[in-house]
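One chain, chain A, appears in both complexes that follow, with chain B as partner in the first and chain C in the second.
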Partner chain A sequence: MLSPSDWSAIWLTVKLAGLTTLILLVIGTPLAWHLARTRRWWKAPLSAVVALPIVLPPTVIGFYLLITLGPKGPIGQLTDSLGWGTLPFSFTGLLVASVFYSLPFVVQPIQNAFETLDMRLMEAASTLRATPLDAFFSVAIPMARPGFLTASILGFAHTVGEFGVVLMIGGNIPDKTRVVSVQIYDHVEAMEYAQAHWLAGGMVVFSFIVLLLMYTLNRGIRMPKI
Partner chain B sequence: MTHTALAHVDARFQLAFEGFQLAVDLQLPGSGVTALFGHSGSGKTTLLRCIAGLQRPDSGFLQVRGQVWQDSTKGVFLPPHQRPLGYVFQEASLFPHLTARKNIDYGRKRTAQAATAVELEAIVAMLGIEHLLDKIPAQLSGGERQRVGIARALALKPQVLLMDEPLAALDLKRKQEILPFLERLQRELDIPILYVTHSPQEVTQLADHLVVLETGKVVASGALAEVLTRLDSPMSQGKEASSVLQVKVWDHEPAFHLSHVGFAGGVISLPYQQATAVGTPLRLRIDARDVSLTLQQPVQTSILNVLPATISGMAKPVSGQVVVRLNLGGVPLLAHITQKSAVQLGLKVGMTVFAQIKATAIV
Partner chain C sequence: MKLFKQTLLAAAIAFSTAGAWADEVQVAVASNFTKPLEAIAEKFKAASGHELKISAGATGKLYAQIANGAPFEVFLSADSKTPTKLIEDKLATADSQFTYAFGKLVLWSSTDGYVDANGEVLSKGDFKHLAIANPKTAPYGAAGMAVMEKLGLTAAITPKLVTGENITQTFDFVSTGNAELGFVALSQVQQDGKLKSGSAWVVPAEMYQPLAQDAVLLTKGKDNAAAQTLLDYLQGAEARAIISSYGYDLPETTPETQ
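On to the complex of A and B.
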């Protein structure tokens, strides 16, 4: 069965994925709105940057984050001068890396939802005395609910599934950066196949349930187009 | 409708897109229905969007009932949410995630001077949507949605109501379902209604004042009866050219199944209006092609409605066709006749003739 260090890895994974998703919803929503609405020249380059983590090997993201966040990198020097130390090989560093790594999985579903939003509804809201920000919260976000659900689930699940980035930037420190995927790797290295099975099988079941949930819920709350 | 002394709506807008220019300078009455009529591409919807602040013109001035909403020379521009107006969209544009009641309350709870609960009840009753309040838009028919959309705009107690082709997306049956409500609005509301439409029928039925737009310019603006019959207005020349008469029910003649209505130009017989009391005002539409002219009072004719008139103008919009503008006791009436008839009768401006009216429609 699961050992205390397995449980610790599970808790750490859930914490990391939960926080990552939360942060991504906060920064991803305005970014998605901007990408959905802008007609400026930077739309394509910005979209490409957001989508980079989909195609790049996680080790590449991890490598560059390690350099920028490390003692010699610009952000590393900044965090060091602020007295925060450097971020690599800490939970915070792992969180920063996960935010980059899972960004497209949160931004893209929300952006899709915003792109299909009928802008006449936003105009209707403005003629009904709603300020643009008010209309955004009272019309755009409720209308984009399926997109937000998909974004949350994909962001969470994708963070749970990360491995390469974790190894590069987080290392393998129990209770700090040793997440489930790393723990499974350790078990396999140590030939503890039974232990690995419990965690790996758990991941399969978890992923399946999450995706099942997403597809069922999204079908249920699809907005009728008027 | 009560006629209190109200300031006008003054609108001047200049706007250029690629391939389209809007340049209008209008003074509209502060009450009643003003129809903004034109074909697609005439700029009528753009004009309405400018008034709402949804479209920002290159330069513009807008004053509604004494309040300046926009003045580009002084850098004044109220954003839409700060303009005390109501807007009814072509596709009701209800929020699909909210019930009809919450749609109506959306604007109501965002403005201090909105309709009170009692006033709202009256609005809901006037539009006949009591039974729809707890449904979501997807459960409503097109006509029902439009009625909820109108209630949503009225619940703001706006100082001006803007309606952008509210009937255009509906089939004939739904149109018939909504028109009576719009007529009630016209009678019962004390605010100006600006009504965009491309339907001459809606114009004759609802408007008190008519603005005709063509390729971004105002080609005619004035009282409905006047603009409809102006010979230089495109409306007087088309197949659907018609005149509107404001009449009062005079008396009934049930034996012949007739009612008689009167106006400054005489008395007209109509099919029996059993339900309409003597003294009730009615609006009649008379198509120009249903009016023919004779020089002498016909003595033996099956046409009941023969009225004396003077010719106040003539135009030849297409060869073979003559548009005659008649004056019946100060009320204008259009007749479309053939050029041959005009020549044979020797019609001239100033002549006295008899107008034979073959058919009328109550609108």
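On to the complex of A and C.
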């Protein structure tokens, strides 16, 4: 069955995925709104940057994070001079990496929802003397609810499924950076196949339930018709 | 149609004869020996015409791949236990096992002057991260753990350990400066008898079990004459000179061939 170190890896993974999703909802929402509404020249390059993690191999991301976040890299020197130390081999480092790695999976569904939003509703809200921010929170966000649901589920699930980046910058430290995917890899390498099965099988079931939840809930929610 | 058949026949003959004098050997090699093997591959090709296809990884991982049908023909392990196990599992040819090198463990930092000649930096504990290869799967990792145990520092250093999945990744952690120091193979940091960069403590051999690295002919390679040629070549003078220049000790005698 599951050992204490397996449970520790599971808890760490849930914590990492949960925090990553939360941070991404906070920074991803304004970003998605901007991308959905802007007609400026930077829309295409910005969209491309957001989508990069979808096409880049995790090894590329891991390699550059290891170099730039390390003590010889620009970001590493910055964090070090601020007294935070360097980020690789730390939970914070994984969090930073995951936020970047899962960014498109949160931004894109929200952006899609914002793009299909009927702007006349926002105008109606402002004729009722709602400030733009007010209208955003009481009209745009509730109407984009399916987008937010998809974004949260994909952001969470994608972070849980992260492996290559964590392997390259995590250093496999128990309770700090040894997440489930790395733990499974360790079990397989050490030929502890029975333990690998418990975790790997659990991941299959988890992923299926998450996706099932997403498709079921999203079918249940209907965009209000005008 | 006749012309087609003739062309096909000619092509078949060309292929088979080409195969006879320039074969390929699929070699699985423990990460620490990658660099020397690449150097050996070049000389071996010049001497025999055979080409090596090299796959590097942690010994434990390569074992798992071989056990699950990987197409490797020769295995250069970082220990002697794994080749023995492969023979027991009937995945390697009995009697083909021999030691090709003794590995040396080194405590290395990419910063000049960081590691002193006696490794006292370890007991001072003035570092945030010490990199080590996964001791469960990589013999050099197990050797590093043995050294810390011997110095009575296991409990003090364990919270600072960062684990590379093999010795190459461990080296990367140290060379990028993300870990101040780490236990790596001397072959990774030494070339032509000199340290390439940084500072190092070559750990005295009595502090850890000898890292006898054994080669073995895998069952998949028993009909490939080139694989046997490679194993013979590894025990010859030319290969031994290369192996020694990377900082390995050599086995006293070369069994089998002499």
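One rule holds in what follows: the second predicted complex is superposed on the first by the 225 of 226 C-alpha atoms of A that agree within 3 Å, B and C clash if a C-alpha of one lies under 4 Å from a C-alpha of the other, contacts with A are read in each partner's own complex, and residues count from 1 in each chain.
Criterion: contacts are C-beta pairs under 8 Å (C-beta built on N, C-alpha and C of every residue); 3 or more make two chains touch, one makes a residue touch a chain.
Remember, predicted model here, so these are calculated numbers, not experimental data.
Peer 1: When the two structures are overlaid on chain A, which partner does A:F89 contact: first (chain B), second (chain C), both, or neither?
Peer 2: Once the two structures are laid over each other on A, A:F89 reaches chain C alone.
Peer 1: Could you tell me if A:V139 is touching chain B, chain C, both of them or neither one (first, second, both, neither)?
Peer 2: A:V139: touches chain B, not chain C.
Peer 1: Does the superposition put A:G202 against chain B (first), chain C (second), both, or neither?
Peer 2: neither
Peer 1: Just chain B (first), just chain C (second), both, or neither: which does A:G18 touch?
Peer 2: Neither: A:G18 stays clear of chain B and chain C.
Peer 1: Is A:A124 touching anything from chain B or chain C once the two structures are fitted on A? First, second, both or neither.
Peer 2: The answer is first: A:A124 touches chain B but not chain C.
Peer 1: Please work out whether A:G164 is in contact with chain B alone, chain C alone, both, or neither, and reply first, second, both or neither.
Peer 2: A:G164 contacts neither chain B nor chain C.
Peer 1: Residues of chain C touching chain A in their complex?
Peer 2: Touch residues, chain C against chain A: 58, 60-61, 63-64, 67, 128-129, 131, 134, 136-137, 161-165, 169, 172-173, 176-179.
Peer 1: Help me check something: in the complex, which residues belonging to chain A touch chain B?
Peer 2: 118, 120-121, 123-132, 134, 138-139, 142-143, 145, 223-226
Peer 1: Which positions of chain A touch chain C when the two form their complex?
Peer 2: 66-67, 69-72, 85-86, 88-89, 167-169, 171-173, 185-186, 188-191
Peer 1: Sort out for me which residues of chain B touch chain A in the complex.
Peer 2: Within the complex, chain B touches chain A at residues 52-54, 79-83, 85-87, 89, 91-97, 106-107, 110-111, 137-138, 145, 152-153, 156.
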